[in-house]
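For clarity, chains are labelled A, B, C and D in written order, and residue numbers in each chain start from 1.
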Amino acid sequence: MISNILLYTMIAAVISFALGQKLKAVRWSFSALFLGYVGFQLYGLYGQWGMVETHNIFSLGSINFSLNFGITKLGWFFAFFTTIINIMIWIFSIVKNMNEKEERGINFLWILLAGSNLAIFFSVDWITFFIAWEIMTWTSFFIITPGWKNSFKAANWYFILSMFGAYAMLVGIWWLYATPAIHTLNIASSIALLAKLSITAPGTVGIIIALFVLSFFAKSAVFPFHPWPAEAHAEAPDDFSPYLSGIMIKYGLYGILLFIVPLFIQIMKVNPNIAMVNGIPVYSYILAWFGAITAVLGTYLAIVSNDMKKLAAYSTVSNIGYAVTSMFILSSAGVTGGLFHVVNHAVFKSAIFLSLGAVKFRTHEREMHKLGGLATKMPITFLTFLLGIIAAAGIPPLNGYASKWIIYQALLSGHFPFLTTMIFLASTGAFLYLFRALHSIFLGQLPRKFNNVKEVPFLMQIPMILGILSMLGIGYAPGIVLKPIGLAVKAMGLTPMTVENTLMVGKLSSINTAVVSSTFIGAFFFAFAFYLIGKKRHHVEPLDNYTAGQDPEEFGLTPELYHFALKFYEPVKNIFRPIEEKLNIKNYYRALVRNANSFGATLSEMFKLSGAGSSMIFVLGLVVIILAGWML
Amino acid sequence: MIQTSTKDLHDSGFEKVLNFFRKRSMWMLHYCTGCGAMELPPTMTTRWDMERFGIGPMATPRQADLLLITGYLSIKSLKRVIRTYEQMQDPKWVIGFGSCTINGGIYYDSYTVINRLSDYIPVDLTIEGCMPRPEAIMTGFQTLMDAIQKGEAVGYKKYKENYEWYKKNQDSVLGRTEPVFTSSEVKK
Amino acid sequence: MIVLKFIGYGFTAIIIGLLFMGIGRKYTARIQRRYGPPFWQAFIDVTKLFSKQSLSHNWIMDFGILMGFAGIVGTILFMPIGPWHFFSLMNGNIVIIMYFMTIGSLGMAMGVSASGNPNSTIGISRALTLMVGYEIPFVIAVIGLIFVSKSSLLGTMVSLQSGGIMNWNIIKYPFGFIAVEMALQAMLGEKPFDVITAPSEIASGPMVELSGKMMGLAFLQHAAQIFLETGIVVNLFLGGANNIWEFFLKQFVLFILSLTVNAISPRFKFEDAVKWLWTWPTVFALIQLLIIILT
Amino acid sequence: MNQKEIIELIDNKFGIVKSNIYDEYQLSVVVKKENIFAALALMQLNDFKELSILTAVDWFDRNVFEVVYILFSYTHNQQLILKTEIERDNPEIVSVMKLWEVAETYERDVHEFFGIKFLGNPSLKPFFLHNWLDMPPMRKDFKTQQYSDKVFGKTKEEREK
């Protein structure tokens, strides 16, 4: 069943490419409709857990290579919600791509990407997982750089990190297959065997886990690899960045949830003699700290960034940090919280990116201080962005709060004081840059050149309105999403949280989200009653403002000058300036690049030297290979 | 001395009830132009303490109800006073400090200082003295509060009623287009 | 029935908050050896503000200010006021309270920055940075208390502290109380930390463009905020109360403490305010946390 | 360099019209219009670094403007007042902006209030007065009383309309 879905996606990709240059709208609406059909099929597959389809391709000696897809609860859940968000984004890009030149290639690659997206979630053995992972990497690379010169430099960074991650995973898979004790490619069985092996040979298990964690962290931009999303998202086409930060960055988290977390749980059960901290293995605690550092770093970098898409990208990095921290707590609340936050983040982040795309569609401007006052001109976009940042800051009536609440339950009941402080610092900091984006783009003074900016066409508004409704819906009744998550958590061997439609019961306290939202609405009417007392307020245009008595025209005051947005958080930057100079990841990478270049240059220099030079390198290389073969 | 209005613009019944609250909590915007600014700190602090009557300094015209013009006004600062006055919200009053706002004071013959403030914005109360002492300011506040209670302090309505007259006066000073002295007068 | 209770809660918060502000102004005046306004001055100010004409630049300004006031009033429902508590199930969940309060500040921030005045936006950027400043010590201290009382509900914390002054949290965890007291000073925006509405620097900060009715709503929001923040600290450290008046008395003591500091201290430069908040109160909170973890 | 030496220095270079010593720290020298610039340059070289003020006096009866430069020297601790006289009908004098940049503002002020043109000063635009269309006000023949009455309204009767 799954394999013919994937087959149809390949065919659909080719058909969409075949459609002529003029039929832009037809192409994108065809792909949106096709994905709707795929979503419907997926919905049909809900019940059939564990159904595996194997397709042997060829056999080489004793090993027979076969692609096999199976439906796991976790895989289905990820596949379904990513497809829905993808449909939303494609409706947006129908109109957006009307005046794009080379959008034919993007659509072809994007459908392939959607196909590989499904393949990743449904792959049961490592080989298919790796193949799908590779297709996903190079298709997304070519979409990010549709021929624009500066986007190549940005995507270059993303490509190198993904390649690094992919090779680490390939070595890991090979190592898994090579060790006699495991010798299997099936993911589920590899977890069980690895857990047993950890008693006898913890070293090898540690290395394998490290390799896989490296590749998943590289993909999901966790601490050491956190700078790449800023460039990649900023340069990507406007309708692809919601996909990039809503879904693409979640593959690493899917990998962690698929392999690393159940492995740690098994090890905790099976292997008595591992160092435990607060009831979880030491290395899981360290990885949780990686997540916390990402959260804080992402928040700080977002506060000081001035480009709106970079800001949203850094906020994605910080939200990934929350999810990673709560996953590595290994308690049922932790994993549920992490998973739920992944879904919530996908929803509200794609809403935010869609509204940013709409703003860019109308103003062709990316620097925040050049924008301002667009709220009255583009109300729907403003409302989407407003609800997006309320959800992203985790403020109650919306969905961001539900997952943050579960994460806090997990962290607090698991007795992790410093992790909770870091996460809380990151989430209060999140409120800083989110409000800055809201103010610099939508509130404040409207520059004169945007006086006749109109709202985006209705077709673009549909996905935004859908985003708003889903945010409010999940915020009001998180049970809808939490039930399938409960199934996935049970599959990992943890007892899921007791959840009804609007009630969430945690260890420390329980919360009924419906009551929380209705209190807010009640309080709003209470405030509105006060608002009705007294005379009706009268309207005043934006520039008739308090300017200490000076009248703007004579003072030479233009709306652009009067819009305070450029150095919004200069004090925060001053506070962190001494720390920022010393430890900056980017200089570290630049130093790495310089060393690599110099090494390559010396090598080629020696090679061109003369016959002696090249033979010497040849001998040196031979020796190195023999040594490596003998040692392993 | 109260500049009461000619036409009947007194406050109506319900307005009078509100006037009690407006009287008891006047927020003043202190436009310190001339030398009167020195008189305000003593009235605010320990000895005279105008906060007893709920009068306190406010930073922006939007929140203020009372505009204190404490001294002479040159043409340039008059333009700013008019803009600040128009930015203030409706039940608003103006107090002119010292003789400079009544008849130009010692600057009566200067080519830039205006002679009568009430030609340009409606002045509800003027306190005589070449910078009145805090006692005079306190009695001034008292008389204004009584006038508000009785509903007579209606400068802002007067401004709205005959806005053209005020505008004409303001333009005669601010927006002059031809020289004041004709060439004949200059010769002699 | 619920609606009546809701309105009752809302009005108690506003009236008590305004009463505190009025008495506070008289108290500060008496410190400065002045006679000071009558204690019900705050009520007069609010009625005057509502009787004045008001203006707004666009609908977002109205919506924002309403949302701000609604956020704070909504949070009060989650906090147990002495014996009263609005919700039986979620009686005073500290995480909800902290996040619901951010609706208040977000609403006010949005409404005020929609007015397009740079003074107000500078005030808001300062307010948000200060919020990060005082959240850290407050959260560390609260985490310590949650570990001790094994639940994040204020109701259970209060019941744990019942029975005599000796087992109030202020006695058991003095460092935590000092940290939260310093953070409270910044939360209320009192003098050492009134960088947000610095009248001399940024013309009363966020409230620059608010007039008449809008300013009245902002005034009520500030009053409710005083009631809320002092109430949280009373529940956390002074063991709640079994009757209403005791609760108001404890709140009043806390408010007067912060006003005394307010009356005599100058204003921090903005960066120093945040740096100060990250050093002294955080140090106390961390000491408190270590004590709790180690014992 | 005491006061006598200063006077001799200027005298044998340019010829002094008149000189006057007020007290041991202050003296004034009057020089003809054509060599005022050279005198100022000379004095600047002799440690009179600071141009305290540049202003003008309107001798209406003698129908002449007197342009006054007050210099101060920290080393000699002396205040030298250099004056020169220019005719009133078409008053113009060379600008000293090259010697002291601050002179640009002083000259702009003197130009607005006396109507003296300073050759070489680019910014002789209106400065303090609000769209002033009349004669420069500081001149003695400008009648401020009539102006004030005409613009700002004179008697009580006028006002009672």
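Note that a contact is a pair of C-beta atoms (placed from the backbone, for glycine too) under 8 Å apart; a residue touches a chain by one contact, two chains touch by 3 or more.
Just so it is clear, the model here is predicted, and its values are computed rather than measured.
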Can you give the shortest number of steps from subunit B to subunit C, where adjacent chains in the path must touch?
1
Per mean C-alpha coordinates, the chain lying farthest from subunit D is A
The pair of chains with the most residue-pair contacts is A-C
In terms of Cα-based centroids, which chain occupies the most central position?
C
Mind checking the centre-to-centre distance between subunit C and subunit D? Centres are C-alpha means, answer in whole Å.
62
For subunit A paired with subunit D, centre-to-centre distance based on mean C-alpha positions, whole Å
73
Intercentroid distance (Cα basis), subunit C paired with subunit A, Å
36
Centroid of subunit B to centroid of subunit D, CA atoms only: how many Å?
39
Subunit A touches at least 2 other chains through residues 535, 546
Which subunit B residues reach two or more other chains?
60, 62, 79, 90
Overlap residues in subunit C, where contacts from two or more other chains coincide:
51-55, 203, 208-209, 212
What pairs of chains are touching here?
A-B, A-C, B-C, B-D
Once bound in the complex, which stretches of subunit C touch subunit A?
3, 6-7, 10, 50-60, 62, 66-67, 69-71, 73-74, 77-78, 87, 89-90, 93, 95-96, 99-100, 102-103, 106, 109-110, 113-119, 121-122, 124-126, 128-129, 131-132, 135-136, 139-140, 143-144, 146-147, 150-153, 203, 208-209, 212-214, 216-217, 220, 270-271, 274-275, 289, 293
Note which residues of subunit B are touching subunit C in the complex, please.
18, 21-22, 24-25, 45-46, 49, 51-54, 57-60, 62-63, 65, 89-91
Applying the document's contact rule, which stretches of subunit D touch subunit B when the two form their complex?
129-131, 133-135, 137, 141-148, 150-153, 159
Parts of subunit B lying in touch with subunit D, wherever the complex brings them together
75-76, 79, 104, 108-116, 119, 172-181, 185-186
Which residues of subunit C touch subunit B in their complex?
25, 29, 32-37, 41, 44-45, 47-48, 51-55, 199-200, 203-204, 207-212, 215
